[in-house]
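In what follows, a structure is listed as structure tokens, so that the remarks can point back to it.
Chain lettering (A, B, C, D and E) follows the sequence in which the chains are written, and residue indices restart at 1 in each chain.
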Amino acid sequence: MPLKPDFEPVLFKNRRGDRPATFDEYRQGGGYEALLATVGKKSPEEVVRMVTAAGLTGRGGAGFPTGRKWAGVPASAPYPRYVQPNTDEMEPGTFKDRILVNADPHLVIEGIILCAYAVKAQRGIFFIRPSYESDAQLIERELAVARAAGFLGSGILGSDFSFELSVHRSAGRYICGEATAQVNAIQGLRPNPVKAPGAHLTEAGLWGRPTVVNNVETLASVPHILTRGPEWYKSLAATPTGDGTKLYCVSGKVARPGCYELPMGTRLSDIIYEHAGGMLPGGTFKACLPGGASTAFMPETLFDIPMDFPSLKAVGHHLGTASMIVFDKNTCLLAATINIIRFFVRESCGWCTPCREGLPVILDILERIEAGEAGEADVAWLETMTRQLHHAYCAFAPGAAAPIEGLLRHFRDEVMDHLDGRGCPFGAPELADKPGAWHLPKGGRP
Amino acid sequence: MLPEMVKLRRKGEELLEDGLGLLRPFATTLGMLFTRPITVQYPEEKRVLPARSRGRIILTRSPDGDERCVACFLCSAACPVSCISMEAATREDGRRYASWFRINFGRCIFCGLCEEACPTLAIQLTPDYEFSKATIMELVYEKPALLVDHGGKDPDYDFYRHAGVTEKGEKGSHVNEQEPVDVKRLLP
Amino acid sequence: MSRKPEEASCRLTIDGREIVVAADTPVIDAAERLGIMIPRFCYHPALGAVGACRMCAVKFLDGPVKGLQMSCMVGARDGMVVSTTNPEAVDFRRQVVEWLMANHPHDCPVCDEGGHCLLQDETISGGHALRRYRGPKRTYRDQDLGPFVAHEMNRCIHCYRCARFYQEVAGGRDYGVLSIARRTYFGRYEGGRLESPFAGNIIDLCPTGTLTDKPSRYRARRWDLERGPSVCLHCSLGCGLTVGARYREVMKLEARLNPEVNGHFICDRGRYGFGYESRPDRPRQPRVDGRETIAGAALAALAEGLKPFEAGKVAMVGGTRSNLETLAALLGLCRDQGWRPPVFFRDARLAGAAESAAAALSGDLVASLADVGRADVILVVCADPLAEAPMLALSLRRAARRGAAVLVLDHRPCDLPCEAERLTFAPQELAGCLSRLAHAALRGRKEAAAYLSSLPLPPDLLPETALALDTWGKRLAEARFPLVVCGTDQAEPTLPALAGGLARLLAGSHDQDRRAGFLPLLPGPNGLAAALAGGGDLEALLADIEDGRATALLVVESDLLSRTPEPERWLAALRKLKLLAVCDHLPSPLLEAAHVVLPSRTVFEAGGHFVNQEGRLQRAMPVFSPGLPMGRTLREGHPPRLFMSCAPGSEPRPAADWLKDLAGLLGAGGRAGDWADLAAAFPGLPGLAAGPAPENGRRCLPETAPGADAPSVAKTGSPDVPPDHLQVLLVERTFGTEELSCRAPLLAASAPEPWVDLAAADAGKAGLAHGAWLLVPLPGGPLRARLRVHQDMAPGLLLLPRDPRLLWQRLAGTGVLVELLRLHAITAEEEPAGEDTTLEAEP
Amino acid sequence: MPDDDLRRTILNMLQGVEHPREKAVDVMYLLQRQYGYLCDEALVVGAELLGMTPLELEELATFYDFIYRRPVGKYVIHVCDGVVCWMHHEDDIFRHLCARLGVRPGETTADGLFTVLPTVCIGDCDKAPAMLVNGRFYGPLTPGRVDEILETLRSGDEERVLCP
Amino acid sequence: MSLWLAGLALLLVKIGLVLFVVLTGAAYLVLAERKLLARFQLRLGPNRAGPLGIWQPLADALKLLMKEDTVPAGADRPLFLAAPAMSAATAMLIFAVVPFGDSLTIAGRPVPLVVADVSVGLLFVLALSSIGVYGVVLGGWASNSSFSLLGAIRGGAQMISYELPLALSLAPVVMLAGSFSLVDIVSAQAGCPFIVKQPAAFLIFCVSALAESKRLPFDLPEAENELMAGYHTEYSGMRFGLYFVGEYVNMIALGCLVAVFFLGGWRGPLLPPFVWLMLKAALVPLVLIWVRATLPRLRFDQLMHSSWKVLTPLALANILVTGGLMAALG
């Protein structure tokens, strides 16, 4: 299904490919108009209402309605309040935030300011991963420009709304992407997720004050919603269940991997064949991870599914960050799963037992299956353990469970082909390295 | 037949059966009287007892000659007659051992529970049963008397090779162990 | 998001049984109340829920929460139906154990936790016996965490209890969580002694053998220990202890839960302050004129020896570390024989302060340690909690973490494990400052007029300090639950009464549900009882002995010579005595001088009752029968082969028994029952008449203190301190100064080196630097010690710890002044060598 | 000891910050830049400046991936081993790199120039396989391209990564 | 006078002879039992003292004599010391009335081969067996031990219960013989032993006598796996030996009584009467040993049941039938 003829990119409006859009370019394209039209003119409650009406869902992976999150800051909550734009983006296969920030930094900045206005925040902390050092510098540079233009600082646009935005560089751990862990990280504590019964970050986050944590892609949509209205934004989607546009990252065995802004709900087949140039020569589509490493493998049978949160949920999958990692028929999905679980083993924060102790045990079993050292009882045990991962402390371990579940649900035969001394049918039947030592995945490569 | 008769007859049969049941054993025992006795004439003839028979208790050594006993108190806890007592201590190299170890064979019932409880295979029962003494105090055995210079029934086992504590070799050098964790390491 | 208004209580069903609990009680606690022990590793009632171990999973069948959840993380709500035995939950818990065991080493036999290990229990009760994980086990290198805590990181199951306690509860900053993922490591930045004086609690908390008790390492299994409840004697707080002894030797002490006193924890002074009971030099044999004899003969000799003296010439000295029975017997003996009133405190000032504190206490005002955690503004006057009663510091931290303000008014550099506001004044100015504060707090209160008029005049204050005092006063007046803590160790005699009066008036302000508390720190575990009993003055007694007005002296469990700054004078005086009898279990030079020595039992062997500073009567059980430790009776490397009905060295008897038998020999009248005895001996503790105390003790104070509203305050003049002179004060330290624990080999061996304190201003004047070795010219000779310079300390003072390793007895009396400029640093070459070193050869 | 400039920079950075701990990672980065890696001395200095104990800072330092608590080379080569790069023969690149430099993963070359570290997905999946050298992305990689990059790095001075 | 003296001498000789034979018999009966039991259990039995262990009884006796004679603390000393003797003496006294043969004529005088031909010999025997209970009950009671007391009570109850069928079973014998004298009873069997005429009485007598002897399966008073050794738990040395002697003498006595009452006493062809008696008497202990090797111990309720509900009614019925038949047959 081709794009609607009148579709034009929203978030990537100013994308140039070779360099970021400058402040002036952004202004020329109607940038900061939303801010000008909002600060002092619309009430914060109205902004929240519009965002709610637009049905904007969080783009960080969970798909939580942004309007509801903002409304979660109690009117009586103490000050200062914080906005925490999340650019930690360490989900394997995901790079949309980097592309977005690199394409149009001011769009992101404007979105953050509008969010701060809506929740009456005084300070924003732009949390960014260490690999994106250049983007951190870019943001810092553009922040100075925005500040000079009076869009940041005290008394923005002559109103009594003051907002400071600064960059917080992380030192790199996947778990820092989790909102509560990120709050800890910014405070200079160990970035463990925190789950106190009944407590929300919007009530008590950074230093016990209300804090709104949003993905930058989510925030970047806000200026557009405010300028062109919620209805327009909602109509951008390709499906009635979607909202606006989405940055889809496509990587893996496709001809043109990259980040594409498409209407929310574009079909998977369209994304791969229309936009990402189809499979690499010689490869046939086998499966894809629809939203980064912490989602389940989607088999060929779901090739035509509209890619939005509710549609995927309906078939037991998860859109996540909408970062499609595409595998072809020459790849051993078990070996791929081992790679993914190795990532999760390494990045676990070490807080709860299923994640810290369970994942290495699961990895050990997977490696033994890959090496042909396992039997059916091990697969059964693996299945049990994977199910138990859902009772872990935060969403990290369930995320790790997803690819294994997808593997066992859709590619069970492939797993069974490894058992009882047979080893990997795709690659070298070498013995998998023992866990614990540093090792590289072997076998199963295309 | 009348029901009473049936009952009576059944009763009679039961009685007969009971009576036979009473008598049959007599035949059995009588038969025994004419069977060859199995007695072994002990001091002159001696049976070779199986290795697992439960006689005198010993403390064995690991393959490298160290005392296996780590004074974990499990044998004394398992002993139903409380005939084992000891005191644990730390050797200079950090190894746990029994500074003294006493078995009162006057009390011992040779049940073998201590051997079952022993996690290091240190305490073992031997087939030796000929150690009666004229004075009861001589039945109180101290460690030097209990300690032997071999590994007993499982000579190859060395608890410390599996335990993971630093008595034998550094951390990570035991059976099926990873390198010790280095909290400062660069690899993720 | 608004939350539902919470009901006060809710009804839920756990395993088919209903229970009503307060809403938001963790389900795991609700189940425990039903007697259902849900397995747990990370959850601990004192640390709260963090949901890290995932062991307490239960299935919520119905109600507001559904599915498999951690019972520690879910607060109880109406209508919950919980199953702890649901197969899904059981399977998950079993899987958690399997995961934890995947890397757990195979070293239970050499692990001291074996036998009382939570992981062992859960593994065995969960039926995990076969290992399915075939991979290699993770290992860690261990750290040396000092003399008390052994570290065996391989055994760690990462429940985070230790780090949470250490950092959050105890405020320690040198032990925590390192690294990430499966490499997560619990330890210090680098090996070394754990700095927090509460570090020992992580041993109790650790559910496996990762952190174990080092002194008792490899010495006994839990099942072999003779264990019994006891009370800590190392300060007046009376924390609960569980004693574990084996082979006639205390192996280890553990914290005993007493919710109103110490909660789950104790300080390291309490935990490691044992060992004096098995010192080789402990007196174990009765002696008459230096010859060992049997009990009956020694008593007879003493009774005979006492007969010639007229009653007025016989004196008794008691100690506050004795149990209530001993004190009662001692008081009874003095009363019945008409002897001089017994002396309990080391000097008149301390006796005065303790008595004024005791007089200010009453049931409606006194605060327990748990109350400290509930208070919102806490004024600490003339007390150094960490040094005098460490667990008070922990309670202050608990209060501070809940948002309470801690205000400290003291002359010492009090180190607290929590945020506190501090003002420092010379000790003699404290009463005046308190007066200023009280005026601000009680301004416009008619009923306070009498009290306010009795207060001393405030000293001349800097405007900002005056303002700070006024603010403090206002905050106390506005507080919901103000609490006043007052020390007695350093206080002027009237100060505790003033502080108590302030607390009483704070309680009586505005509204009904407001309360206030008063918590004095008293000298010794039975300081309150001794203070209530009154008694004589030790200095007067000394003078009387010197003048021959007292010719016979009985000293019961009090170490005169090493507690007084004038040992020489005392020794000379003792030589003039015609009869000196000593009943004690501690070795002291006094025993050498005594004509009759009656060895007494320690609290571990005799037990007894103790009344802590809040009037709480608590019982220590005798845990083992006295005798030489088995380790000291070995022959040829093993215990002797002997059959005896009693152990060698089992002659010591409870001091109370010695005294009662002595009374019998001296022809005392018939004796009533024990409880009647005690009640009669301490009319100030009416609760004693009710008989034995329950497990967690019972308050015995009168409900109201008559006439405590308007304390009669004798105005005290401040001593004249000439300019450029320092007042030498003897102070307590957390470790190494308290009477019993300084004789505990463990603490003696590991206590930090004794140092003297000087305010930065004074140090600057004298040109002395932090850390320098200092030669202090004391009247009795020079004293050498290392100097610490403090910013937050009142000037004009030189603080000297009562550390036996320091020859502070050269002070020769109290109220000593030294000239500031005569202090001088000594060079490195002079340092520890030389005959005059500070360190006494105390084992 | 850190030079006075660095000390001043850090103190400036902490000036007026309500919660100095917030800057812990930034301080560690600064110290790491000066010392080459976060050595014990640097950690102790950093902790002191931040008003933390060494343990408290170590809790953070050992948590993070990009804080090096062991000596590293001038160029720290983070090779992505995410699933996308793995699919594109990342392990060949990695082996090639290790073989070319003669080191094992996590080790530094004898000349102190290069340290090879595997790292999680670096967000350069559209150019897989990719690697990150001192903040700069390189991808898609082939063994030949790796050699070129090494050559360039060897010859040139380290240039700081700059924003586009 | 000389006649009287000669009579006395004769009496002493007879007593001496009887005691010698009985005690030696008892000792060797112990050996026989041990040997036989061993063989029943595929063992050898005592074989160390002398060839085939023939000196074992001597060794045992010697050992028992040399062992310390202990009296437990709190025991009733006189009773404790006396009780074993009572047990042994009553057993031996039975032999006073057992005829060993027809009268001999020595020096023209008829010498009855019985120590005392008492006209109420049978009653004497019953009386002695009743007195024998005292040895058990007093010994157990005097020991001041729970085990002993329990054993004694059991023993008392058991003896009383079986006394009745024992006595009743002998009534037909007396009826047939027309005399209580054992000599007359033997004489009455000149034609046909009473076992033929009174098989039921024979069985009842045997079972009851077995119970009286407290041997398996009726050894409840000493049931060692419940009561250590029952009434003689606290005894040691020769006092313990006396109980032992009592038991084995009793066995021989039983043998003699069975022979006298039912097997025709000393009567028999060819062999001398004494030998006949010995043979008949030996038969009973051997059967008892066999029974011991075969049957397990009864439960106490079974014990009581068999006495009161089986043996006693049976014995009464036997009397009636015997009486009826005698009346009918004249």
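Assorted remarks:
Heads up, the rule we're going with is that a residue touches a chain if its C-beta (ideal position, glycine included) is under 8 Å from a C-beta of that chain, and two chains touch if they have at least 3 such contacts.
Predicted, not measured: the structure shown is a model, and the values here were computed from it.
Across the two interfaces under comparison, C-D and A-C, the one joined by more C-beta contacts turns out to be A-C. Innermost chain of the displayed assembly, by C-alpha centre distance to the whole-protein C-alpha centre, is C.
Rounded to whole angstrom units, the spacing between the C-alpha centres of chain A and chain E is 103. Centre-to-centre, using mean CA coordinates, chain C is 80 Å away from chain E. Here the CA centre of chain A is 24 Å from the CA centre of chain D.
Once the centre of each chain is set as its mean CA position, chain A and chain B turn out to be 62 Å apart.
The residues of chain A that reach two or more other chains are 173, 190, 346-347, 349, 436, 438, listed in rising order. None of the residues of chain E touches two or more other chains.
Along chain C, residues 136, 138, 177-180, 183, 185 each make contact with two or more other chains. The part of chain C that touches chain A in the complex is made up of residues 1-3, 24, 49, 51-55, 57, 68, 70, 73-75, 91-92, 95-96, 98-100, 102-103, 132-136, 138, 157-158, 160, 177, 179-184.
Here chain C touches chain D in the complex through residues 173-180, 185, 188-190, going by the rule given at the top. Within the complex formed with chain D, the residues of chain B that make contact are 183-188. For chain B in complex with chain C, the touching residues are 70-74, 76-77, 87-90, 96, 99-100, 102, 119-120, 137, 140, 142-143, 159, 162-167, 171-172, 176-183, 185. Contacts from chain D toward chain B in the complex involve residues 62, 65, 68-70, 72, 105-106, 115, 117-120.
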